[in-house]
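You will see subunit A twice below: alongside subunit B first, and alongside subunit C after that.
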Partner chain A sequence: MKEKIVYGLGAIAMLILVRDINVIAGLPEEMQQGAIFKIIFFHVPMAITAMIAAAVALVASVLFLITKNFRFDSLAVGVTEVGLAFLAGNLVTGSIWGHVIWGEWWAWDARLTSALVCWILYAAYLMLRGAVEEPTQRATFAAVWSIFSFIDVPIVIFSIKWWRTQHPQPVFWGGGSFPPDWTKVFLWQMLAMVLLACVMTVVRVGQEDAQRELDSLRRTAHAM
Partner chain B sequence: MHFHTIPLLIAQMATPDDIVREAARLRHNYEFLSYGLTVAWVILAIYVLLMVSRERKLKREIASLKAMLEDRQK
Partner chain C sequence: MNFLRQVMVVAAKDLRAELRTKEALNGSLAFALVILLLFSFAFDPTGDTTREISGGLLWIVFAFAGALILNRSFARELPNDCLDALIAAPISGAALFLGKALANYCLLLAMEAVSLPVFGIFYSVRWTAQLPELALVLLLGTWALTVIGTMTSALTVNIRLREVMLPMLTYPMLVPALMGAMQLTMALIAGTPINKENVMWLKMLVGFDAIYTAVSLVLVETVLVG
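Coming up: the complex of A and B.
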């Protein structure tokens, strides 16, 4: 039953995303940047989803260190991996946008660099997990690394306020504005991305639980 | 002369070269927009495929280990 609900929600998220492609294509071009501006409907929701995932990973890691409950460790690894996929999408779409508007694929400004560092830190989290054999030690080291990695998240978010960057100020909370129909599409995209990330996380957490069951079976097999 | 007639006059002054350049700029914009959207979808699709393959592998390994343990207990 739980599986059906999860996959149903995933299907709804995918349907919204597919429908939005059609809606986005029908929107008028932005006055200064033209059609490429519409990439914002993927670039920004992916970034916000990745940042939410990092926050959830932080909370799960802290809770694991307090309770030593492995469910929190599973949640931390699941949400980190999903967040990493979304952050990768954000970086690549941003690079394509930059190529058209700035004439270069990458700029080493504070926003882009801190976002790349964030991706590397969370990728290192996954690599660290692969390098430690003992489950409790692995979960503890990973939780500490996840908390340390989160330091970069506020830097990514506020870098455009703290330093002069090539990356522009955000449309929302940055003095810009969207026409109402654009805002509606943006919010649908945001909802679909977050829903998709939730579904992916639930599936991934289930896999982490299955992996623990597999490890336990292996230990039993060795002991027999 | 009213100010609102100025854009109309400028539009009438556009040369065929300007129109070709503008069309190329629009094409370039749409081309890269489609790349961006495709890449975003491909990244998510690859991740989903990786999760599906991991799920299958885990289920297979758990089933084979359970069967092995049951055999040993007999």
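Coming up: the complex of A and C.
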């Protein structure tokens, strides 16, 4: 039953995405930037989803350290992997936009650099997990690393406020404005991305739980 | 024993062990020289552009050569199960961490104190122009290096692929601090004082040090004991 609900939600997320792409294609082009501006409907929701994922990973890691309940560890690793994928999408869409508008794939400003560092830190989280054999130690070290990595997230978010960056100021937070119907599309996109991320995380957490159960059965079999 | 005394005992023990063998210090100094030598092939050492980026080069030297000292911090306790004895000792993980960090800090500063003049000579950089400010940046940046390095050293001491994981964890985590230290050092060596433009970096360096020291002190017990 739970699986059906999860995959059902996944299907709904995909439907919203398809609908949004259709709507976005029908929107008029932006005055200065043209069609490429519409990438913002993917770039920004992906970034926000990745940040939410990082926050969930932080909470799950702290809860694991307090309770030592492995379900929180599964949640932390699941949501980190999904967040990493979304952040990668964010970096790639940003790069495509930069190539058209700046004429460069990459600019070394505070925003881009800190987002990349964030990505590397969470990738290191997954590598660290791979390097520790013992499950409790693995979960503990990973949780500590997740907390350490999260400290970098505010730096990413505030980098555009602290330093003058080449990255544009945000539309919603930096005094820019969106026409109301664009805002509506944006919010639908946000919903689709977050829903998709939730579904992927639930599936991934299920896999992680199954893997742990398998490992414990294998250990029991060895002990007998 | 109160906390401070415990910290001092651990720091003195580590410094004594290091000064008897001098293995990490010598290795780190030699490595710093090698990196300075290698940079001279990559960039024209007398060019004006090199002088402009020299603050950045300096921190790369410190970060790479310092890693040799920081790597050894917990790993040297592995033979004869010294690490288990240290953890079993009636001191908190925070005291152990802070003691080791202090010892590492002294060793890193010693390495920097030798490489800085050598760097000045090799690249004809006048680094003494704003010495007190530069010293402040060095102290803050080195503490960032020490805290992150000591923590990752504790994290990786018992895991597979320690040598691979350590730099993979340390350097990305250090980026905000290294960025700040590099920007400030470049400005100071070029003769620009700390002003409204770059004081943000100094604030970030202080914030980085404070936050990561606090988080490390809270979490190190979990890492060492589980």
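The rule is simple: the second predicted complex is superposed on the first by the 224 of 224 C-alpha atoms of A that agree within 3 Å, B and C clash if a C-alpha of one lies under 4 Å from a C-alpha of the other, contacts with A are read in each partner's own complex, and residues count from 1 in each chain.
By definition in this document, contacts are C-beta pairs under 8 Å (C-beta built on N, C-alpha and C of every residue); 3 or more make two chains touch, one makes a residue touch a chain.
As the structure is a prediction and not an experimental result, all values here were calculated from the model.
Contact with neither subunit B nor subunit C is seen for A:Leu15 once the two complexes are overlaid on the shared chain.
With both structures placed on the common chain, the touch criterion links A:Ile5 to neither subunit B nor subunit C. A simple residue count on subunit A separates subunit B from subunit C, and the partner touching more is B. In the superposition on chain A, contact is made by A:Gly89 with subunit B only, not with subunit C.
Judged by the touch definition given at the top, the superposed model places A:Leu187 against neither subunit B nor subunit C. In the superposition on chain A, A:Ile66 makes contact with neither subunit B nor subunit C.
Those residues of subunit A that touch subunit C in the complex are listed here as 65, 113-114, 117, 120-121, 124, 127-128, 131-133, 136-137, 140-141, 144-145, 147-149, 151-152, 155, 162-163. On the subunit A side of its complex with subunit B, the touching residues are 21, 29, 33-36, 38-39, 42-43, 46, 82, 85, 88-89, 92-93, 96-97, 99-100, 196, 200, 203-204, 207, 210-211, 213-214, 217-218, 220-221, 224. Considering their complex, residues 151, 155-156, 158-161, 164-165, 168-169, 172-173, 175-176, 179, 200, 204, 211-212, 215, 219, 222-223, 226 of subunit C touch subunit A. For subunit B in complex with subunit A, the residues that touch the partner chain are 25-26, 28-30, 32-33, 35-37, 39-40, 43-44, 47-48, 51, 54-55, 58-59, 61-62, 65-66, 68-69, 72.
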